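Next come two complexes built around chain A: one with chain B, the other with chain C.
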Partner chain A sequence: MDATALAANFENKLAKNENIEPKDWMPDNYRKHLIRQISQHAHSEVVGMLPEGNWITRAPSLRRKMVLLAKVQDEGGHGLYLYSAAETLGISREELLHQLLSGKAKYSSIFNYPTLSWADMGAIGWLVDGAAIMNQVMLQRTSYGPYARAMVRICKEESFHQRQGYEIMSVLAAGSPEQKAMAQDALNRFWWPTLMMFGPSDANSANSENAIKWKIKRESNDQLRQRFVNQTIPQAELIGLTIPDAQLKWNEAKQGYDFGEPDWEEFNQVIHGNGPCNKERLGARLKAHDDGKWVREAAAAYASKRKLVAA
Partner chain B sequence: MENTKDSQGLVWEVFVQKKPGQPYVHCGNVHAHDAEMALQNARDVYTRRNEGNALWVLPSSEIVASSPEDLGSFFEPANDKIYRHPTFYQLPESISHM
Partner chain C sequence: MNKQETLFNYILRIADSQLILGHRLSEWTGHGPMLEEELASANTALDLIGQANSLYAYATQVEGKGRTEDDLAYLRSEREFFNHLLSEQPRGDFGFSMLRQMLCDAFDVLFYSALMKSSDNTLSGIAAKAYKESQYHLRHSSSWTERLGDGTEESHQRMQNSLNELWRFTDDLFAMRAADLELVNTGIAVDTSSFREAWFKQVSEVLERATLTIPTHAFMQKGSLEGRHTEHLGYLLAEMQSLHRAIPGVKW
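Let's turn to the complex of A and B:
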C-alpha cells in the first residue's frame, strides 16, 4: 500500500470506530501524541502512590491500613499497564522511566500537593480518584487498542478507590467537631486542584483538538469537569460538607451547576515545577530508583549465571 | 542522580487461565530478568483479584504474529468454504436436532 492508501485506511478505521493496533500504520503525530499522553498517565499513577504511601504507616486502624495498602498497590499496577501500552508504540521502558526521573516528563499536577492530615486520604480517594475515573471511563473507548484495554482493566479496579475515600470522609464528617473540621479542611484544599485535573478549558488546550479528531478523547475537558461537579455536589451535601466555591449554583436551564473558575495561574506554576511538592516527589522517585539498583543488578547477574549453567 | 536508564529486564507476555479447563487468555506483559521473576511479577500485576489460578509467561521476542497487511490474502482460504458450516446442509424437516 502507498502512503495515501495507508492514511485513508487509518481514517477509515477511525470513522468506523475500529481500534488502531500496534502494527497498524498510523500518522507520526498520532503516535507521538499517544506516547506523550499514555506515558504522562503512567507517570501519574506511579507518582500518585507517594502522597498516599506517606500515610500507610499512620492509618488510624488496621482496616484502613489494609485498604490503603491495596489501593496504593493498585496504582502501581496501573502504572505498569500503562507503561506496557506505551511500549507497544516503540518506546522502551528504560526511556520512559528516564523521562520521568530526569524531570523531562510531566505527570498530573494534583500529586504535587501535600497530604497534611488523614482526611486527605479521604479527599484523594473521593475527589482525585473520582475525577480520574471520569476521565478513564471515557478512555475505555479511546481509539488506540492497547490503551483502551488498559483502561477497561483500570476502571474495574478503580471502583473501590473512590468508595473507600468517600467512606473515610463520611465517617470523619459524622465524627467529633474536630474530625468534621479536618474533613472540611481537606475538601477545601483538594477541591480546586481536583477541578484542574481535567486540564485547561478547551479553548486554551493546545492538544485537545487533535485528541478529539483522532478519537483519543471522546469528550472535552469542560464536559468532563461539568459532569464531575454535577456528580460530586450532592455527595458533599449528603455528608454535610461545603464545597469551597461562592459561585456554585444550580442552573435549571442546563440541568447542571454553575461553578467558579480554577486558578489557572496556579495550575501553570505547578505543572512547570513550582508546586508545593514537585521537588519532594521527584526526589522520592529518584531515591527509590537508586535504592532498587542493586536488586536489578542482582537479578540480571543471577539470570545470566543460570543461563551459563544451563548451556 | 544515578544512571536512570539501567536495564528493566526482558518483556514477557502473560496469559492467564480463569478456571481449570478454560483456555489461557493473553492479559498483558511484564518486565523481568528470568522466567521465575516473570511468573512472580505476572501474579502480582495480573491476578490481584482472583483473575485466575494458572499463568503462562513467555518472552515477547518468541511470539510470531501475522501482520495487518495479511488481512486479505493470508486468511483468504477461509472465505469461500461455506460447506464447513452446518448451515450449508439441508435436512429433512422432521429432523430438528443434528
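Let's turn to the complex of A and C:
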C-alpha cells in the first residue's frame, strides 16, 4: 500500500471505532502523542508511589498499613503495564526511565504536593484517584489497543482505591475533632490541585485537539472536570466536609455545579518544576536509581557468568 | 507464668518478628533498585505483616483481656517487644536487606513447617499459610543473595560486609524461653534447636553459591526474648506508633 492508502486505512479504522494495534500503520504524530501520553501516565504511577509511600511506616493501624502497602504496590504494577504498552510503540523502558530521570518527561503535577497528614491518604484515594478514574474510564475506549486494554484492568483497581480513600475520609470525618480537622485540612489542600489534574481549559490545551481527532481522548478536559465536580460534591456533603470553593453553586439549567477557577498560575509553576515537592520527588527517584546501580550491574554480571557456564 | 501467659508471649515473639521485618521491608517501597523489586518487597512485606496480624488476633484471644491487634502492635514499648534482633536492623543497602531476608526466610520455612504440626489448631492453620508464603520469599531472597554475592567485585564486597554485620544476630533467631519447653512438650510450640542444623546447612549452601564466607569469630548477640534490643528498635517504633499514639482511643 502506498502512503495515501495507509493513511486512509488508518482513518477508516478510527471512523469505525476499531482499535489501532502495534503492527498497524499509524501516523508519526499519533505514535509520538501516544508515547508521550502513555509514558507520562506510567511515570505518574511510579512517582505517585512516593507521596503515599510517605505514610506506609506511620499508618495508624495494621489494617490501614496493609491496605496502603497493597495500594502503592498496585500503582507500581500499573506503571509496569503502562511501560509495556508504551514499549509496543517502539521505545525501550530504559529510554523512558531516562526521560523521567533527566526531567524531560512529565508526570502528573498532583504528586508534587506533599502528604502532610494521614488524612492525605484519604484525600488522594478519594479525590486524586477519583479524578484519574474519570480520565481512565474514557481511556478504556481509546483508539490504541494496548493502551485501552491496560486501562480496563487499571480502572478496576483504581475504583477500589477510590472507595478505600473515601472510607478513610469518612472514618476521620466521623471521628474525634482532631481527626475531622485533619480530614477537612486534607480536602482543602487537595481540592484545587485535583481540579487541575484535568489539565487547562479546552481553549488553552495544546495537545487536546489532536487527541480528540485521533480518538485517543474522547472527552474534553472541561467535560471531565465538570463530571468530577458533580460526582464529588454530594460525597463531601454526605460525610460533612466542606469543599473550599465560595463560588460553588448548583446550576439547575445545566444540571451541574458551577465552580471557581483553579489558580492556573500555580499549575504552571508546578509544571515547570516549582511545586512544593518537585525536587524531592525526582530526587527520590534519582537516588533510588543511583543507589541501585551496583545491584543492576551485579545482576547483569551474574547473568553473563551463567551464560558462559552454560555455553 | 501460667500456661496462658506462656502461650501469649510465645505468639508475640513470632508476630513481633514478622511485623518488624515486614516494616523494614516496606521501607523499600518507592526506593528500590528497579520497579519489579519494589513490588516484590512490598509483596513480601504484606505477607509478613499479614502473618503478624493473624498472630496478634490469636494472641488477644489467648490473653482474653479485651486488647486488640492494634493495641499489641501500637501500644507496647520497645522493652515489651520480643522480635528477633535481625528483624529490627536498619534496611541498609538492597543487598543487606536481601541477605537478612534470606537468613530469616530460611528460618521461617523450617519453623513454619514444624509449627504446621502444632496441636494448637489456630497456630497450625496460620503456619500452613505462612509456610507457603515463606517458600516464595526464600526463593526470592536466596536468588538475590546469590546474584549479588557472585556478581561484581563491588557487590561481592558489599555482601560480605553485610554478612559480617548480620551474622552476630543469628543465634538470637533460635532463642527460646525455658517456659516454652512446656509448650513444646504438649506439642503446641516448636523446639527451634530441632532444625538449627538444617537451617545452617541450607544457609551455608546459599552462601557458598554466593561465594560468601560465614564469619567464624562473630560474638553472638542475644536478648530479644527479654525485650533487650539494639537501639534501632526504639526509633522504628517511635515512627510506626506515632500517629496511633497521638490521638488515643479513636477509630482509624
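Assorted remarks:
Going forward, the second predicted complex is superposed on the first by the 311 of 311 C-alpha atoms of A that agree within 3 Å, B and C clash if a C-alpha of one lies under 4 Å from a C-alpha of the other, contacts with A are read in each partner's own complex, and residues count from 1 in each chain.
Following the convention adopted for this analysis, contacts are C-beta pairs under 8 Å (C-beta built on N, C-alpha and C of every residue); 3 or more make two chains touch, one makes a residue touch a chain.
Computed from a predicted model, the values in this text were never measured in an experiment.
With both complexes brought onto chain A, simultaneous placement of chain B and chain C is permitted, the two fitting side by side without a clash.
In the superposition on chain A, A:Ala299 makes contact with both chain B and chain C. After overlaying the two complexes on the shared chain, residue contacts for A:Gly77 are found with chain B and with chain C alike. Contacts of A:Trp264 after superposition on the shared chain: neither chain B nor chain C is touched.
Rounded in steps of 10, the angle chain B-chain A-chain C defined by Cα centres in the superposition reads 80°.
Of the two partner chains placed by the overlay, neither chain B nor chain C lies in contact with A:Trp250.
Within the superposed three-chain model, A:Leu62 lies in touch with chain C and out of touch with chain B [touch as defined at top]. Of the two partners, chain B and chain C, it is C that touches more residues of chain A. In the superposed model, A:Glu178 makes contact with chain C only, not with chain B.
The superposed arrangement places chain B and chain C with a least CA-CA distance of 6 Å. Shared interface residues of chain A (contacting chain B in one complex, chain C in the other): 73, 77, 80, 289, 293, 296-297, 299, 302-303.
Residues 1, 21, 23-25, 73-74, 77, 80-81, 84, 87, 92-95, 97-98, 101-102, 150, 153, 157, 286, 289-290, 293, 296-297, 299-300, 302-303, 306 of chain A are the ones that touch chain B when the two sit in their complex.
Chain contact summary for the complex, chain C toward chain A: residues 19, 23, 26-27, 29-39, 42-43, 45-46, 49-50, 52-53, 56, 69-70, 73-74, 93-95, 146-148, 150-152, 154-155, 158, 239-240, 242-244, 247, 250-252.
Within the complex formed with chain C, the chain A residues making contact are 46, 49-50, 53, 56-66, 69-70, 72-73, 76-77, 79-80, 118, 171, 175-176, 178-179, 284, 287-289, 291-299, 301-303, 305. The residues of chain B lying in touch with chain A in their complex are 1-2, 4-9, 11, 28-34, 37, 44-45, 48-49, 65, 67-69.
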